[in-house]
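Look for subunit A in each of the two complexes below; its partner is subunit B in the first and subunit C in the second.
Entry: the complex of A and B
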């Protein structure tokens, strides 16, 4: 049989695996969505019945809700595979761990982003976001989500095997998510004042590309340390 | 031939092996024996590349194995007590995705045969979360069959027989015998030697001077 590796096949198998695991139990997906709904509802109710006040902060609330909702589920992305020995199997396979982690972060990105995009109309109504923002919001969530999952994999690898990793992880990764928050909100804000959002969007893409390059290498390095303990 | 030269392996701050050399011949089964904590798993994990060597080299014939980890990965199947099965996938899906993850293109027919080789074909649609420990171990051991289709020459097995029943042990013996006939090398950590009806070399780690 052929021993040529089709990277597309390997990539595909990881996406399939993560989708099967996550959409079969659905618990992670539901928790992300419901947590985001909770955060946004609390913000909106806390602001009170003033539309102008909400208009000032709605973009930031949306992004903060997005980040806070994703963080709790990040820890499990690698912890589960570490506990059941899947990571041992991937390290003793002919495929480089870096490539596997890249596939894994992209799979995770799709898993969190698809339900969020489906429930986007609901958030738009809740936060009274203007309609001309929707395509830009769509794009910036897509790109920002990829950054968050790439950074999240690093954090997840860093807290592998650590007790209380769920508390440590947000503290470690939020500094790296701050640029995503700033430029993600920036995209929406520039449109609100009728300016071009391209600059902010490019910076968002730039940070995502940086994370795309460094994340697999850093997390593979960290996982090798965690496994060897 | 697998040569281990001047190996020093640390686990945490404890030195498990110090300047230790040995070799494992091809087409041979080596059963690694020793009391708990003697370093059976540490040795297997080190050879698999999961624990970095403090000092020393491991050579497969004349190639240092960790210089080309990809090639070593092709050559190797490692199974330990953690199995590497996802509990939300079925027995069949676990095997299929495992083989795809290694870049292997295995047909449905061969996957069925692999599951039959450890007599777990009747459970192929059962989720791992509903399997007993013995079934889980058999699901993990079904991977071994796939090494006959590809160029795998080493099996590193850490206590594979712990949860198996009598019939599965006979099937496991058959798999090993077939692998040895195909010029494979097996390193097997195990406590009881009665289970195996083949010729093996014994490596007793208790007798090492450390």
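Entry: the complex of A and C
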């Protein structure tokens, strides 16, 4: 890399850019949180207001709500940059596209995860999740959110320029999210039965590391295909 | 070797000769496998005659996973060496994979009703077979979602290769989330733990179904080659009309 900027500066400027785009109008963030509240409401209305029934599934409802709320916003992450020509400019720049995509997914992770973590106590009260779960839930959302955003970048790159991409995207990426859901819920479930959640947490971290390695390369490859049209 | 096979004309010539044999082998194996499976194999001491569903269920489950593997491999050949024939092969494998994974799910639920008492159990293997089904479906949907055909096949090839992560999950899910389904009893250390009289029809059926799917794949590829030729001829005649 012959650029005069260091990796840290490039990383920083990309994160700043994403934050400015997403937080200047808070619509995206507000819609994720309110969508999640509405999904939880739908679940509760479907199950019924019985506390003992809800207690059995509250961890799963939380995770499913989280995943479903994030998915609709994934499509925009690259589509917007593709439409306004930012991606074409990025490919011609001397900085590697893989690195830019990595910083983009980390920025996206921070953008979705910070509001969710701030509103975490609220969801815990809504779903009557026990308070001893808070630190573990905090950690597992933090890690799971990173892998969801890494997978989401792949999905977003896959449907770049596709017809009906917004319908296709959930079908393509939900299979990849399944292990994250299983081990994310597993962390909370093992705590609920007073066992050590370390095994599930490590598997969650393992999947996240796999995605961390493969996601930038795959999405860069896909973007190069999409740009060459 | 693959360069040698990747020539469409040579492919046509070779398959012209081998195709009848492949069909012949699959029919022979199918009938003998069905005979041994239905009439000349022991009943299970617990499951009775219902165990005979296994002779369709297990080979199609194997084939569903194996076909996904070969789909991803031919996608690698398409992306790395850019053989157009490899793309045709992977697009021909996909519908057959959908067929076999659907067959596995259907026969599995037919088997599950008398054995477990329900049509469907959310067990690790059933779930991962369902996921495999959706991988095939996603591949086909993504392939057809683009204006230009080559975009679709390149993007979908990447999806298929990434989806290869799913295959180890199918295999190891049995060990990860132990539930109702019995653990793998044929491929494991220390030899198979299944009666030899059951193993014979099982392997015959596996042979029959895999040769039959090979036959279907070759037929599919040939059809697609002819389609491509027609398109080229059409373009050529259009060009001649213009000039």
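Everything that follows uses one rule, which is that the second predicted complex is superposed on the first by the 225 of 229 C-alpha atoms of A that agree within 3 Å, B and C clash if a C-alpha of one lies under 4 Å from a C-alpha of the other, contacts with A are read in each partner's own complex, and residues count from 1 in each chain.
Methods note: a contact is a pair of C-beta atoms (placed from the backbone, for glycine too) under 8 Å apart; a residue touches a chain by one contact, two chains touch by 3 or more.
Note that the coordinates shown come from a computational prediction; the quantities given were computed from them, not determined experimentally.
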item: Partners on subunit A (subunit B, subunit C) - clash or fit; value: fit
item: Touched partner set for A:159, first subunit B, second subunit C, both or neither; value: second
item: First, second, both or neither for A:24, with subunit B first and subunit C second; value: first
item: Subunit C, subunit A and subunit B - angle at the middle CA centre, rounded to the nearest 10 degrees; value: 90
item: First (subunit B), second (subunit C), both or neither touched by A:221; value: second
item: Touched partner set for A:126, first subunit B, second subunit C, both or neither; value: neither
item: Partner chain in contact with A:78 - subunit B first, subunit C second, else both or neither; value: neither
item: A:229 touches, of subunit B and subunit C: first, second, both or neither?; value: both
item: Contacts of A:101 with subunit B and subunit C, given as first, second, both or neither; value: neither
item: First (subunit B), second (subunit C), both or neither touched by A:172; value: second
item: Dominant toucher of subunit A (residue count), subunit B or subunit C; value: B
item: Gap in Å between nearest CA atoms once subunit C and subunit B share a frame through chain A; value: 7
item: Residues on subunit A lying within both footprints (that of subunit B and that of subunit C); value: 229
item: Of subunit A, residues touching subunit C in the complex; value: 154, 158-159, 161-165, 168, 171-172, 174-176, 178-179, 182, 210, 214, 218, 221-222, 225-226, 229
item: Complex contacts: residues of subunit C adjacent to subunit A; value: 131, 134-135, 137-138, 141-142, 145-148, 151, 154-155, 158-159, 162-163, 165-166, 169, 177
item: Subunit B residues touching subunit A - in the complex, by the definition given at the top; value: 12, 48-52, 69-71, 73-74, 76-78, 80, 82-89, 93, 97-98, 100-105, 149-151
item: Complex contact set, residues of subunit A against subunit B; value: 1-3, 5-6, 9-10, 12-14, 16-17, 20-21, 24-25, 80-81, 83-86, 88-96, 100, 224, 227-229
